[in-house]
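One structure is given below, encoded as structure tokens.
The letters A, B, C, D, E and F name the chains in turn, as written, and every chain counts its residues from 1.
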Amino acid sequence: MKAAVVRKEHFNAAHRLHNKKWSDEQNQRIFGKCNNPNYHGHNYELLVKLVGEVDPDTGYLFDMKLLSDIIKEEVITPFDHRNLNLDLAEFKTLNPTAENIAYVIWHKLRNRIDEKFDLKITLYETERNIVEYPAD
Amino acid sequence: MKAAVVRKEHFNAAHRLHNKKWSDEQNQRIFGKCNNPNYHGHNYELLVKLVGEVDPDTGYLFDMKLLSDIIKEEVITPFDHRNLNLDLAEFKTLNPTAENIAYVIWHKLRNRIDEKFDLKITLYETERNIVEYPAD
Amino acid sequence: MKAAVVRKEHFNAAHRLHNKKWSDEQNQRIFGKCNNPNYHGHNYELLVKLVGEVDPDTGYLFDMKLLSDIIKEEVITPFDHRNLNLDLAEFKTLNPTAENIAYVIWHKLRNRIDEKFDLKITLYETERNIVEYPAD
Amino acid sequence: MKAAVVRKEHFNAAHRLHNKKWSDEQNQRIFGKCNNPNYHGHNYELLVKLVGEVDPDTGYLFDMKLLSDIIKEEVITPFDHRNLNLDLAEFKTLNPTAENIAYVIWHKLRNRIDEKFDLKITLYETERNIVEYPAD
Amino acid sequence: MKAAVVRKEHFNAAHRLHNKKWSDEQNQRIFGKCNNPNYHGHNYELLVKLVGEVDPDTGYLFDMKLLSDIIKEEVITPFDHRNLNLDLAEFKTLNPTAENIAYVIWHKLRNRIDEKFDLKITLYETERNIVEYPAD
Amino acid sequence: MKAAVVRKEHFNAAHRLHNKKWSDEQNQRIFGKCNNPNYHGHNYELLVKLVGEVDPDTGYLFDMKLLSDIIKEEVITPFDHRNLNLDLAEFKTLNPTAENIAYVIWHKLRNRIDEKFDLKITLYETERNIVEYPAD
């Protein structure tokens, strides 16, 4: 019996979109108000989806309490109430777009979730801007 | 023209996670507070998705009023305001995890929906814990 | 500067509506499917509102982390994943309608929140059935 | 790095379900209250999903401001506060079911989005009736 | 024990904002796209709030099933899937703004709810435009 | 006919809670992770409520398009994608708690809305932390 489970968590963070290789003019032209040098921020909503076999003894695909704990250790504790550009080594050179944040989160969780489960991240930067990684 | 339609319904039920083959200690260790012998409960949100061809005469993939009626007959009427463990034959031996509830609902609806439509269930136990069956 | 702050928390519980002084027939007639002897359940959403003066030094009306901790101690820990009728002394004789649950929560929190703050409870039994105590 | 981005927009419109080739009796039997000759209406929520490669220089799969502008030009401006049957050439002969609205929107946007991106539409007619085109 | 209960229901309708005493130019200037002669529509969300004493025998302020039935009879059945301007006698001369719709609903329900309960209507025309009647 | 209208808008901003008169230790003790010197951020949801008389000619209490424009000029344009502490004169010395942000927004809008309307602000910092100013 193959199924999927999804756990929803959230974190609040500041960020700024900026490519250090570009001039200020080019950054402003491409990223607009998201390039504000003083940062802005979001309430990020994070959905973590695992696909795999349901254990017939527990009826669980994955213990959701354990999944929540792993997400908190890997993502919520280091990301919540932080400045993604300044406080997180992952975004020292990587631009913290929603696409790249989802990519970083996927890799951090991939290390902690058994390879027998497929893993997919959906990240809501706002309720109108959403990213999925990897794509279906 | 192949598309998908999704109908959302809801039911409120009590349940308890418990494996009758295990000791009380093991049940408590695996299921924690979800093992409370006196039960707890949820407002379950149910999404039923059909994939198939749109009828060119009606412009419908499936009549959503009919889909709602089928879901009510097969799921909402028997599940709503019930204790899943005690009141439903399906869970006399099957542990009513969200995964297993989605599996049972899928089979009940599969009997009523023409095989030319693919069928998928998404079940929200809470807004933070979600199950999909089958997996994409 | 008088304002209000609201903190939202949630708990999942089983309950049954039943008046022990009435016959089974009367209970069934008045409470319908909510009278199921095997219980049903809900994801309760709880809003706790405090009205008072904002502290000019902190800019806080009340520390929301502290408010969350008080709600967890007084309500979430004892109510979450429980059967309100069987597991909670407050509902041994009091029928756990949403009205009465809000009333009990208000009294539990009133003991912990300084009287200089007005206190109001809004309880969502479902997204369609909501209770406020006290009334505005 | 292949990912997906989703942009959410909304429009409010009137419509009526009706097949001009059928008698009034057949229209009423098939479409019920949705056949009201005086129309009814909805707040449509539209999700537009693009799947493709993330640009390593910008960290963007697609500029979401540009995607929002394209959706506004192609869908929101012509559809919002309109009668789909009377005001839109696309539905002069095509019945404006949610399935057909999603199909029309997909074609309008497909002309504006580079073919290197896969395109998918999800349309909420209400929070309970949802259509996806094309199907996964 | 004085409290409040709120019941949420919904209906989907077409309407047009128009003052028959004004010229077309003035109607267009004041109501803009809401004046479209072919109508547009909304998914209206309706909250009905009653304030009063909780019955100590039932623990109910008001039977929510009965409240839902009254709302359905007085509002949902006549308003749902209708054109407010054309299909409803109440709006033959009264402009169906959200303010006036709330006012009409209040009067229809006031006739059915015992005067010992205060009655208040909140109407969501969209999630961004909301009306309350009467004001607190 | 006295009623209320509510308009919902949103902005995304970075902020940091900090009292310049206090030591770093005291700021950390009182504000915890909200004191992060590199800032964090939120998607703020703003509800602006006006209470007053409905105009019998228009059926409007207030033109919601005009209200939206005023909120955009006074709040969304200056606040959105900004750092409240660094970019806004209002918070150079005032700590940008949700209470104080609501207070500042109220005063900015009060200057633009005719005194015949009562004005109230509800600000969602997250869906779990909400402030109202003034209190009812």
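A few remarks follow.
To be clear about the criterion, a residue touches a chain if its C-beta (ideal position, glycine included) is under 8 Å from a C-beta of that chain, and two chains touch if they have at least 3 such contacts.
Only a predicted model underlies this, so the values are computations on that prediction, with no experimental measurement involved.
Steps from chain A to chain C, minimised over paths through touching chains, total 2.
At the interface between chain D and chain E, two copies of one sequence, more than half of the residue numbers in use are shared by both copies.
Taking the mean Cα position of each chain as its centre, D sits at the greatest distance from chain C.
Annotation: 41 Å between the Cα-based centres of chain B and chain F. Per-chain CA centroids place chain D at a distance of 34 Å from chain F. Counting partner chains per residue, chain D has residues 127, 136 touching two or more of them. Applying the touch definition to every pair of chains gives A-B, A-D, A-F, B-C, B-D, C-E, C-F, D-E, E-F. Across the complex, chain B is touched by residues 1-9, 47, 49, 51-52, 54, 57-61, 63-65, 68, 118, 136 of chain A. On the side of chain B, the complex with chain C involves touching residues 10, 12-15, 33-34, 36, 38-43, 80-83, 86-87, 126-127. Residues 17, 19, 21, 30-32, 94-100, 102-103, 127-136 of chain B are the ones that touch chain A when the two sit in their complex.
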